[in-house]
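Consider the two complexes below, in which chain A is the common component and chain B and chain C are the respective partners.
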Partner chain A sequence: MSARIRRSVRVSNDLGLHLRAAGVLVQMAGGFACEITLERDGAGGQRANAKSIMSVLALAAGRGTALTVEAEGSDAERAVEALCALIDRGFES
Partner chain B sequence: MPPGSGRPRIFRGIGTSAGIAIGRVVLLDRRSVRFRRHHIEAKDVEAEIARLESAITASVAQLEAVRTSFAGSAMDHKAILEAHEMMLRDRSLFTEASRTIRDELVNAEWAVSQVIARIRSLFDSVADPYFRERKGDVEFAGERILRNLVGQMNDIAEVPAHAEGVVLVAHDLSPVDTAVLSQHKVKAFVTEVGGKTSHSSIIARALEIPAVVGAHGIVDAAGSGDQIIIDGLDGQVLLRPTKIQVERSDRRRVIFDRMTLELLEAQALPAQTTDGHSIRVAGNIELPVEVATVISRGGEAIGLYRTEFMFLGRREPPSEEDHYQTYRKVLAEVGDRQVTIRTFDLGGDKIFQGMAPLELEANPALGLRAIRYCLRHPEIFEPQIAGVLRAAMHGDVRVMLPMVAAVEEVEDAREVISQVSARLTRDGVPHKTDVPVGIMIEVPSAVFIADHLAKHVDFFAVGTNDLLQFLLAADRTNERVDYLNHPLHPSVLRTLRTIADAARAAHIHTSVCGEMAGDLENTALLLGLGFDQLSMNATSIPKVKRLVLELAKSECDALLSETLACAKREEVVELVRQFMSSKTLLQPNWDEEDEVARA
Partner chain C sequence: MNTVLAKALRDDTDFKLELELVAGAAGLRREIDHVRTQRPGLALTGFTASLQPGRMQVVGATEISYLASLEGDARRDAVDYLGSVNIPCLVVTSALVPQAELIALCERLELPLFRTPLVTHIFTSRVHQFLDEHLSPEVSMHGVLLDVFGVGVLLTGPSGVGKSECALDLVLRGHRLVADDVIQVKRRSGYLEGFSPQITKHHMEVRGLGIINAADLFGAASVRDRKRVELVVEMAEWRNDDQYDRLGVDELYETILEVGVAKVRLPIRPGRNVASIVEVAARNQLLKLRGHNAAVNFKEALEKRLMRGTVESE
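Coming up: the complex of A and B.
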C-alpha cells in the first residue's frame, strides 16, 4: 500500500518546534521508510523535510503554528499518526 | 595588558542563568576558520566528496566523544549535543554540499560554506527570536566541518585552573565548548552574542552556573587573569571590580545561594502546607526512560503512565510478555514509589499499525476509543491487564481506566480483570489479585455519577485536558474555540468540587493529572479542593512543591470559596492573581543584604 496521508496538527507546547523537539521529531521520522513533509498552513506554506533537522528548524514553528504532516509510502499512515501524536503531546518524552 | 591592571569596567548584557560568581577571566579566542574557493578537476570530484564525508564523520565522532564523556546529569545539555550531531548527520547538508562540489567543481570547504550560508539565510527572515538564534547552531555545525576539512580543530582541551575560580569570556560558545567547560569547573561565563534561548544559555541553566550574554566588547577589554564578577540576575558584568563592588556582589551571592538551597530542599521535602496538610506531587511519563527525570526532580510517584507508546514501531499489538517486561523496567527504577498505569487510550484518532482497522468516525474524540475500544478488543486489552497484574508482584501498582462514562464500563472492565486473574491462577503464573483499580474522570457524565462510580473503584484521577474540552464543548485542536478551554472557568472549578466531594465521601484517593496540575496558577485551588495528588511533567515538580511549602491550606480554602462564587473566568483569574502576588515564589530576598553584611 502506498498512499498519501495528510493530517493537520497544531504545535501547542511553549517553545514550539525548538531544537530538542526538532531532534526528537527528526529521529522519529527517520524510523519510517516513507517520505514525510511538514507544511505550514496558510498561503505560501513553507515546507520542510521531516527527516532533516535543519529543514525542520528553519520552519520556525513556534507555539500555535498550524502544520500539515504529509507522508507517502508504505508506512505513511503509521508515520503521520506517530508524528501528530508527538506534536500533540508537546514533544514530551 | 597584565592581569589586574586597567580601570574597572561595567558591561551590561542579558542575564540568562541566575546566580552570582566572582572569579578570574579565561579568554577563549575563537577566530573564524579561513579557506579559499578553488576550482577542482572533474576527475577529482569523487575524492573531494569523500573528503567531505570523512570530515563529517570526524565531526560526528568528536561530538559523540564529548557527549558520552559528559557524565553530568544535565539532560538538556546532552539533548542539545545530540541535536548538533543530527545536524552534522543531516543528509540534506551532505547531499547539497556534494551537489555543489559536482556541479560547480569547487572544493568541499567552499561547498559547505555555501550550503550553510543558504540555510542560515532561511533563519534571517524568521521573526521569532528563539528560532532566529538557531542559525548559531547551524553555524557551529558548519564551522566544525570546515575546521575538520582544513585540519584546524581547536576544541578546548584544558582550562587553566585558578584558585579563585575560572570565568570564561568568549565571543560565543559552541555546545562542545560548554560541555568540555562543565567538566573543568568553570564558575560562570559571559559572551558577546547570544540570547536567553541560545544553547550556551540553556546549558548554563542546566548546569546551574551564572551566565550573561550580549556583553558587547568584553573580549577586547578583558585580559586573562583579570578579576571579574558575573551577575546572572541583572545581566551585569564587572571587570576589574573595586573592593566595594566585590563586597557587595559577595553579599548578593550569599543571599542568592540561600534561596537556591531552599529550592533544592523543597525538591527533597514532602509537599506539605504551612499548616500541615500534605499533597503528593507525582510525575507523568510515557516511556520507562522518563522515570529517572521524575525522581531526580523530586517526584513522589508516577501518577500517570501513558502506555500507548508500546505500540510504536510494532507490527503486532504488544504481547502479555511485552507489557510485563516494560512495566517491570519502570518498577525497577521507581523503588517503592507508586506507579499508576493507564490502560490504552486507543481508537478514535489514535490508531497504530497492528490494530484492527477502524471505521472512519466523523467525531473521533467522541468515538470508539479508550475503555470503549478496549472492551470491544479483548485481544488488545487482556494482554495488557495480564502484564499489569504480573508486574504488580514487583512494586506498588495501580491500574487506571481512561474515558469512563458509565458504571457498566467499570463493571465490565473489572470482569475482564477477574477473568484474566483466574486464567493466570489456572496457569500457575504469579500475579497480584487485588491490584487497585481506578478511573480517569474526563467525561462530564462521569462527574454527575461520581458518587456511584466511587463505590466501584479504588481511586479517581481527573484528566483535565479532555474534561475541559468536553465540559466546554470546545475542541482543543480548534484554535477558534480553544480560548474557552481555560482551567479557571467557573464551571471547571465546580466540576472539580463535585468530583473531589464524591471521592471524599467514599474515602477514595483522588488526583489531578492533566496539564492543569503542573501550572502554579492552579496549585492553591487544587489544594483547596482537597485532591490527594497532583501529577505533572517532571519539570514542574520542584516549582509546585516549593509553592505548596509556602501555602496554608486554610488560605487555599478561602480562595476556593471566593472563586466558586464567581460568574466569569476573568474574575477567578483576577482573584488568583491577587492571591499569588503575595507569594514570594522564587524571588531572592534582597532585604537581607544588611543582615548578611553584619554577619
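Coming up: the complex of A and C.
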C-alpha cells in the first residue's frame, strides 16, 4: 500500500538545520523505504530530498522555518512521525 | 506566472539600474509580470490600445518633449491616458525631469514613478536582464551539472546510481563542476541555464568522504558558476530486458521548462567506465552541434552501399 502523508513542523533549535543536524536527518531518512521530501512553506516553496545531504543543506532552513515533511510509500506514516519528532526536539538524538 | 514587485526595482543593486523614486511610493507593491518594457509613445495622444497591463513603461526624450510641447488641459489629458490602463510603474530615463502633471498623476494613482540618469537604450538593456532574472521560470532538479569539453552535461538518475562518483571522475580529468545534487535550472530565451544554490556552490558529497569543496581541492579551474544545459545523460541500472540505443540514429530529448534538451540513456554496471562514456557523449554532442552526426553519416554510407549492391545483383 502506498500512502502519501504530509505534516507541518517548525525548526525550533537555535542553529536551525545545521550541518550535523542535516547529517542526522539524512541518516534517519535513509532508513526508510519511502520517498521523503521536505518543503519550505510559503510561495514557491523550495523542496528537498530528505535522503540527500546536499539537497537538505540547500534548504538553509534557519530557526523558525516552517517545513512540511511529505512521504510516500509503505512506511510513510512512520517516516513522517520520526522526522517530525527529530525536528521538534531540535535534532537531539 | 512569476511577478516582481516595483519595490525590487528600487532595491536593486545587481543590475545597476540607478533608479530613484520620484512619486507614487504607496504603489511599490504593484506587480510587473511582463519580461519586456514598453514605450508609451502614442498612448499620450489617446491611442491606449497598445498599452499592456503589467508591463513597465519607459518614458524617454520622445515622451517628455511631446508633453513639453503641450500646455494646460492638453498636457493633463495626455498624462491621464497613461492612468487609464493598469500599468505597474513608469521610469523616466536620461535624467529628464518629469512634468508636474505626470508626478501628480502618479501620486494620485499610487503609481511608482522612477528616474534614472541612464540613457534609454542602456537602461532598457539592463532592465531586460533584471526582468529576465526575476521573471524567468525556474525549476529545481536532482542530478549533477558539469561542463565537459564546453558542453553543459546534466547527469540524472536515481539516488545511489553513482552520479557524484562519475562527476568526481570527470572533475579529476579536468572537467568543471557546476552543481552537485540540487540544480537550479532557469529558462533563458530559448535555452536553459543551470546553477547551484548559493549555500552548496562548488561542494559535492562523496559517500564515505562526506562533503568536499571541489574549488579548494582541485583549483578554481575545476568549477564554474553557471552553464547552459545542453545534454542530459540519464544513468540507469543495467537491465537485460531494457532496450538501450544500439544505433544512435534516433535522437532522444528531455523537455525541461518547455525547452527540449538532447538526451542519452546510459546503462550502468560494475566495470563500465561511466566517466569515459560521458566524455565521448559530450564530444559526440559537440560534433552534432556542428552538424556532423556520426550515426546518421554511417547510416547514409551504408544505404548507398546497399543500393549499389542491389543494382549489381540484377
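Everything below uses one rule, namely that the second predicted complex is superposed on the first by the 93 of 93 C-alpha atoms of A that agree within 3 Å, B and C clash if a C-alpha of one lies under 4 Å from a C-alpha of the other, contacts with A are read in each partner's own complex, and residues count from 1 in each chain.
The criterion applied here is as follows: a residue touches a chain if its C-beta (ideal position, glycine included) is under 8 Å from a C-beta of that chain, and two chains touch if they have at least 3 such contacts.
Note that the coordinates shown come from a computational prediction; the quantities given were computed from them, not determined experimentally.
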| item | value |
| --- | --- |
| Fit-or-clash call for chain B and chain C when the two complexes are aligned on chain A | clash |
| First, second, both or neither for A:82, with chain B first and chain C second | first |
| Which superposed partner A:57 touches (first chain B, second chain C, both, neither) | both |
| Partner chain in contact with A:47 - chain B first, chain C second, else both or neither | second |
| Partner chain in contact with A:74 - chain B first, chain C second, else both or neither | neither |
| Which superposed partner A:20 touches (first chain B, second chain C, both, neither) | first |
| Of chain C and chain B, partner touching more chain A residues | B |
| Touching both chain B and chain C, residues of chain A | 19, 49, 51-55, 57-58, 60 |
| Of chain C, residues touching chain A in the complex | 140, 142, 159, 180-182, 197, 199-200, 203-205, 211 |
| Chain C partner contacts - residues on chain A that touch it in the complex | 19, 46-49, 51-55, 57-58, 60 |
| Residues of chain B defined as touching chain A within the complex | 76, 79-80, 82-83, 86-87, 90-93, 119, 122-123, 126-128, 130-132, 134, 137-138, 197, 199, 284, 286-287, 290, 308, 312-313, 350-353, 477, 479, 537 |
| Of all residues in chain A, those that touch chain B in their complex | 9-10, 15-16, 18-20, 22-23, 26-27, 31, 49, 51-55, 57-58, 60, 62, 64, 66, 75, 77-78, 81-82, 85, 88-89, 92-93 |
